[in-house]
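Here the chain labels run A, B and C in written order, and each chain numbers its own residues starting at 1.
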Amino acid sequence: MKVTLKVWRQKDQKAPGGFQIYQSPELNPNMSFLEMLDVVNEDLAGRGEDPIAFDHDCREGICGTCSLVIDGKPHGPHQGVATCQTYMRSFRNGVEIVIEPFRARPFPIIKDLVCDRKSFDRIQQAGGFISVRTGSTPDANSILIPKENSDLAMDAAQCIGCGACVAACKNASAMLFVSAKVSHFGLLPQGQPERHRRVTAMVQQMDEEGFGACTVTGSCEAVCPKSISLDFIARMNRDFAVALLKGGPKKPSSGGAG
Amino acid sequence: MNLLRQLWRSSLGKKYAMALTGVALFGFVVGHLLGNLQVFGAPELINSYAHFLKSKPGLLWGARLGLLSCVALHIVAAVQLTLLNRSARPIGYAGGSAYGSAWKSRYMALSGSVILAFVIYHLLHFTAMQPGINGVGDFNKLKTTLAGEPVADVYAMMILGFQVPWVSLVYLIAQTLLFLHLSHGLSSLFQSLGFRNHVWWPRITAASQIVSVVVFIGYASIPVAVLAGLGRDHAQKAKAALSSQPLESPESSIAGVAKEALK
Amino acid sequence: MATLNSNIPAGPLSSKWEKHKFTSKLINPANKRKYKIIVVGAGLAGSSASATLAELGYEVHNFVFHDSPRRAHSVAAQGGINAAKNYQNDGDSVHRLFYDTIKGGDFRSRESNVHRLAEVSVNIIDQCTAQGVPFAREYGGLLDNRSFGGAQVSRTFYARGQTGQQLLLGAYSALCRNIANGGVKSYTHAEMLDLVVVDGHARGIIVRNLQTGEITRHNADAVVLATGGYGNVFNLSTYARGSNTTAIWRAYRRGACLANPCYTQIHPTCIPVSGDYQSKLTLMSESLRNDGRVWVPKRKEDCKKDPREIAEGDRDYYLERMYSAFGNLAPRDIASRAAKTVCDEGRGIGLTGLGVYLDFSDAIRRLSEDRVRERYGNLFAMYQEITDEDAYKTPMRIYPAVHYTMGGLWVDYNLMSNISGLFVLGEANFSDHGANRLGASALMQGLADGYFVLPSTIATYLSTVKPRSRAGTDHAAFREAEENVRMLTKKLLSCNGKRTPASFHKELGKIMWDYCGMARNKKGLEKALQLLPALREEYWKNVQVLGEPNGWNQSLESAGRVADFIELGDLMCRDALEREESCGGHFREEYQYTPADPETQQGLVNPGDVKRRDDAFAHVAAWEYAGAGRAPVLNKEPLVYEEVKMSTRSYK
C-alpha cells in the first residue's frame, strides 16, 4: 500500500511552520504508524532531505513519548491506544493522512511534530507527590486500603502523561491530566495529609502554564490512550472547592521553647 | 474577600461561578415558566399573578437585580474563559478538531449569545412594552379590571403578542437554543461543582436531558397554543380596545415602567 | 591493568550489610550540602537515587535525554516486583529470595550483593506503598501477591500490567518533590556524551542539549550512572528505541571496566518480526505458556499452510517432546533456544520463517473460550492489535527477543566502579543477576540500588573527598572532554556518506543476533569479530548524518549511539568467545550436556542444557579499554561463594 502524507514541518520553535506533502514508498499494512514514518524518513534521507522529526520511545504504548494528531485525532483513529500502537492497516490504500503536532500554547513546538511537554512536569512538581522520605515508612500492610479505592486510584494512575487530552480538547485544557494525578493521590490514605495543599498548588500551576478551562466536551476521555474517565475531573473540582472553602493553614501560635 | 479573589483568579473558580449562576438562572427559567403556563387558565389567573408581582416592587426588583447580576457574572466568566481557551491554542488543526466531543458542548457560546439577544428582545417586548417591535401596537393600553381595580391585561398582551407569526418564530428559535444550552449546561454544572461519579453521571445526564426537554415543551407550548387559537376571543376584544384608545402613552419607556412599578 | 577490589565486607553473609552500614563513614549534615552529585538517568534507579540523595542533603543534578524524567524504559516492565515479605505465609524469606536469585543467575553473581538485594527488597515495598504506588490489593485491604517466573512462592507485588510504570511514577514523584524544594536540579533533553576524569576520579560529565545542540560541562564530587541496559545493540528488542549504551560506553572508554557484556537475556514469548521495516518487538506475558502449547510443523512443506489445516499427527510439539517434565513451561532460556533450533531446521512459521505457534485450541476445548478470555483477554487483544490475527481462532505466532542485559559496568560492593567516584546503578551495572535474571527482579534491583544502597555507600567515598574541593569546569580535563565531544559531532556530520545510522544499526543487529544471540559458538563469534571491525570502518566512511549540530537533530543523536553500539558489539563477541562455558543466558554450543554426562544420566539435566565450567570460569570478566585500535584487557574478579555451594542448575 501507499499513502500521501500531509505533514507539519517547522524548523524550530520560532520559525513559522507549514504543511508539506510527501508520497510514501511502498508500505506493509502490518507496519506501525511510526514504522511508516521511519520508512518515509529513510526515503527522505536517501534524497538528502531533512527527515521528519517526531517523538517516540517505547513503542508499546506506555512511556507517553509519542504524540501526533492524525487526521484531527490525537493518537490516530483508534480508541484506547497510543500512536505507536496504531497500524497502517487502519488506513485505506492511497489516502491522504494529515499529521500535525500536539497543539497548545503550553506545548511549544521544538521541531516539526515534536512538542515540549515540560509544563506537565512543572505541574507535577507543584504538588504531585506524597511527601515521604526514603526509609521513614511503615510496613506496607499496616494501612489497609479498600480494594475499590485502590483500584480507582490505579485507574487514575494509569495516565502516561502523553498530553493527548490537551491536544484533543478544543480549549487545550489539561484538566484530565491534572485530575488524574490529583485523584491518584487523593484516593489513597497516604495522600490525605497533603490532599488540599496538593490540589490547590497543582491547579494554580496548571492555570499559570496557560492551559484552557474545561467545558466538559469529553474529547479528552475519547482520545486518552488509557481511557481515563472524566469522573476524575469532577473529583478534582470538588477537592479544589473544599480546599478553598477550608482556607489555608492557620499560622502556628507563638510560644515554644522555654 | 480573599476567598472570592482566589476563586475568580482560578479557572476552576470561574467555572464554579458559571455553575452557580447557572443554577440561579435555571431556577428563574423554571419559575418564569410556571408563571407563564397560567396563560392556559382563565385570563384572571395570569393577570392576578402579574398584578401580585407588580404590587411587590421590593421583591420584584430584588429578584431582577439578583438575576441581572447572575447574568452579568455568567457572561463575564464565560467571556474570560473563552478568551483563555482561545489563547491556549493559538494555531488550530487542519485535519479536523474536537474529536469525540459532545456537539452541543461546542456551541455553548453561540447558544448563550443568542439567548442573551433574545432576553433583551423579550424584555423590550413584554416588560418595557416597546410598541415598535411587537408587530401589534402599544401593549400599555391593554387594561382590564381585577376585583374592580384597573390592572394590565397581561393575558391579552401574550395572546396578541404570539398571534404575530414571526414573533412566535423568534421565541421558538430562542427556546430551541435554550434547550441546547441547558441540555449541556445542566449536567456540566454538576461536573464543574464536582458532584459526579461513575454511578451518578448517567443519571445526571439523563435527568438533564429530560428537564431540558420539559422546559422546552413548556415554553414552546405557549406560542404554539396561541397560534392554534388559544384565547382568540379575548384577544379579539382586547384588540378592539387597542384600536379605540389614543395611540400615545406617556409610560412606554423602560423608565416609565420602572416609575410605574415603584409607585 | 585495573585494580578490581570488590570491597566485600568480612563476616557472615547475613550480617555483612548491617555491619557495613555501621562501619561506613558518615558525613555531617552541614557538610553534605557541600557535595555535588551528578546522576545520569531517571529510571527506577536514577530517580530513586536522585530523590534520596537530595533528601539526605546532597546537591543533586539529574540528567535525562528524554523530555521528562518519567519516560525512562522502566515504565515498560509489566509483571511485578519481588520482595521477601512472606505476606502469603508460604515459606518465603530473605534467604530464600537470595538463594533463588543466586541460582537463577546460574552462580555467576556476587553472593554478598545478592543477599543485600534480598534484604532491602522488603523496604522497597514499604517505601513504594507510602509513596502511593497502587499495588494490587485483596478485598480485605491487604496487598496481593502472585507467583511469577516459575518461583515456588508468591512474592511478586504488582500493579495491573503496569508495575514498572507505577513504581517509576512513585520514584518520579519523589524526584519532583525534591526538584520543587531545590534539592535536585533537573536537566531534561540532556544527553551525557562524555565522562570527565580528573586525577583518576570521576568529576563531571559533558552534556549535549538535544533541543539546542549546546554542549556544556558539569562538574561534581561524584558521578552516578543509571542509564539502563544495552540490549538495543541487537537493533530489534523489547527495549525502547531510545535506550542506548552511550553513557556507559563513554565511561568505559574513560577507563571503567565493563563486566560480563555477553550476558543477555532473551525472552521466549514475543511477537515475531513481520518485516525488515520493524523497529520494535513486543513482549507477550510468559503466563501464556501456562495454557498454550508450542509447536511447529514436522515437515518444512507445511510451514506456509494455514495452521488449522495441519493435522495433529503432522505437528511437532517440540517442547513437550524434548522436555517431557517441564513441557511448555520449560525455563526461558531453554524455550528460546529450542525455538531457534526448530526455525534453523527450516520449520519456522510465518512469512519470515522465524516464528513458532503458541496454540490455545486445546485450552479452549478444555476450558471454553470464555475462561480463556477471562485469563488472557487483554493479551489476546494486544496480539490482535499488532498482528490483526484472532488468537482464539488461529494459533498465536511467537518468537524469542532480547529484553535485558545482565552485564554492565563493573562495580564493587559500594556500587562504585574501578574509577573512583563513578557509581553505577540498576541495569547499567553488572552486579546482581549473574548470567540470567529472574522475572520481577529487575525492578527490585533498580530500586534497591537507588533508594537504599547507593545513598548509604556513597558516603564512604565522599568522606575521602574534601568538601568543595572539586575541580572547576575550566580544568584541562573538562576542556579535553568537551573537545572530544565536539570533534565526534563534527566527524559524524562531515562523513557525508550514503547510509543512514538506522541502516547500520540493522546490519549490526543482524550480526549480533546471528552470532552472539541465543546460541553462540567459536566459529560464529570469530566471524562476527571479523564483520564488526569492517562494519565500524564502513560506518565512519559512509554514514550519512543530516542536519545541523545546533538544534533538534535525531539523525545526529542516533549516529552517536549506533557508533557506540558497534564498538560494544565487538566487545560482547570477545567476551562470549572468551567465556568457554555455557551459563544462564550465555549458551555456547560447544558446552552443553550430552546424554553421556553423569548429570544427564542422574536425571538432573536434559541433554542440550547449559554446561558450566566452574573450575575455569567462576569469575567476573571485566573488560578494560586499552585505547583505540588495541585489544581490550580482560580482568578477572573471582567469584567466591562462602555460604552457597555452586551446584548444577536443575530444571527437574
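Everything that follows uses one rule, which is that a contact is a pair of C-beta atoms (placed from the backbone, for glycine too) under 8 Å apart; a residue touches a chain by one contact, two chains touch by 3 or more.
Because the structure is predicted, anything quoted here is derived from the model rather than measured.
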Please indicate the chain closest to the centre of the assembly, with centres calculated from CA atoms only. A
My parser should flag the chain pair with the most contacts; which pair should that be? A-C
How far is the middle of chain A from the middle of chain C, if each middle is the mean of its Cα atoms, in Å? 27
Compute the distance, rounded to whole Å, between the mean C-alpha positions of chain B and chain C. 67
Just the number, please: Cα centre separation of chain A and chain B in whole Å. 40
Per the touch rule, the chain B residues reaching chain A in their complex are 3, 6-7, 9-16, 81, 84-85, 87-102, 105-106, 108, 184, 187-188, 190-198, 201
Complex contacts: residues of chain A adjacent to chain B: 6, 19, 69-74, 98-100, 103-106, 168, 170-173, 203-204, 206-207, 210-219, 221-223, 229-231, 233-241, 244-245, 247
In the complex of these two chains, what residues of chain C are touching chain A? 48, 51-52, 55, 66-73, 75-76, 85, 87, 123, 125-132, 134-143, 159-160, 162, 164-166, 169, 172-174, 176-177, 179-180, 186, 188, 211, 238, 240-242, 274-275, 277-280, 282, 385-388, 451-452, 455, 500, 502-503, 544, 546-547, 551-552, 554-555
State the interface residues of chain A toward chain C in the complex, per the touch definition above. 11-12, 28-32, 34-35, 38-39, 42, 45, 48-51, 53, 55-60, 62-65, 81, 84-85, 87, 89, 110-111, 114, 116-118, 120-121, 124-126, 128-135, 137-141, 143-147, 150-151, 153-154, 157-158, 160-161, 184-185, 188, 190-191
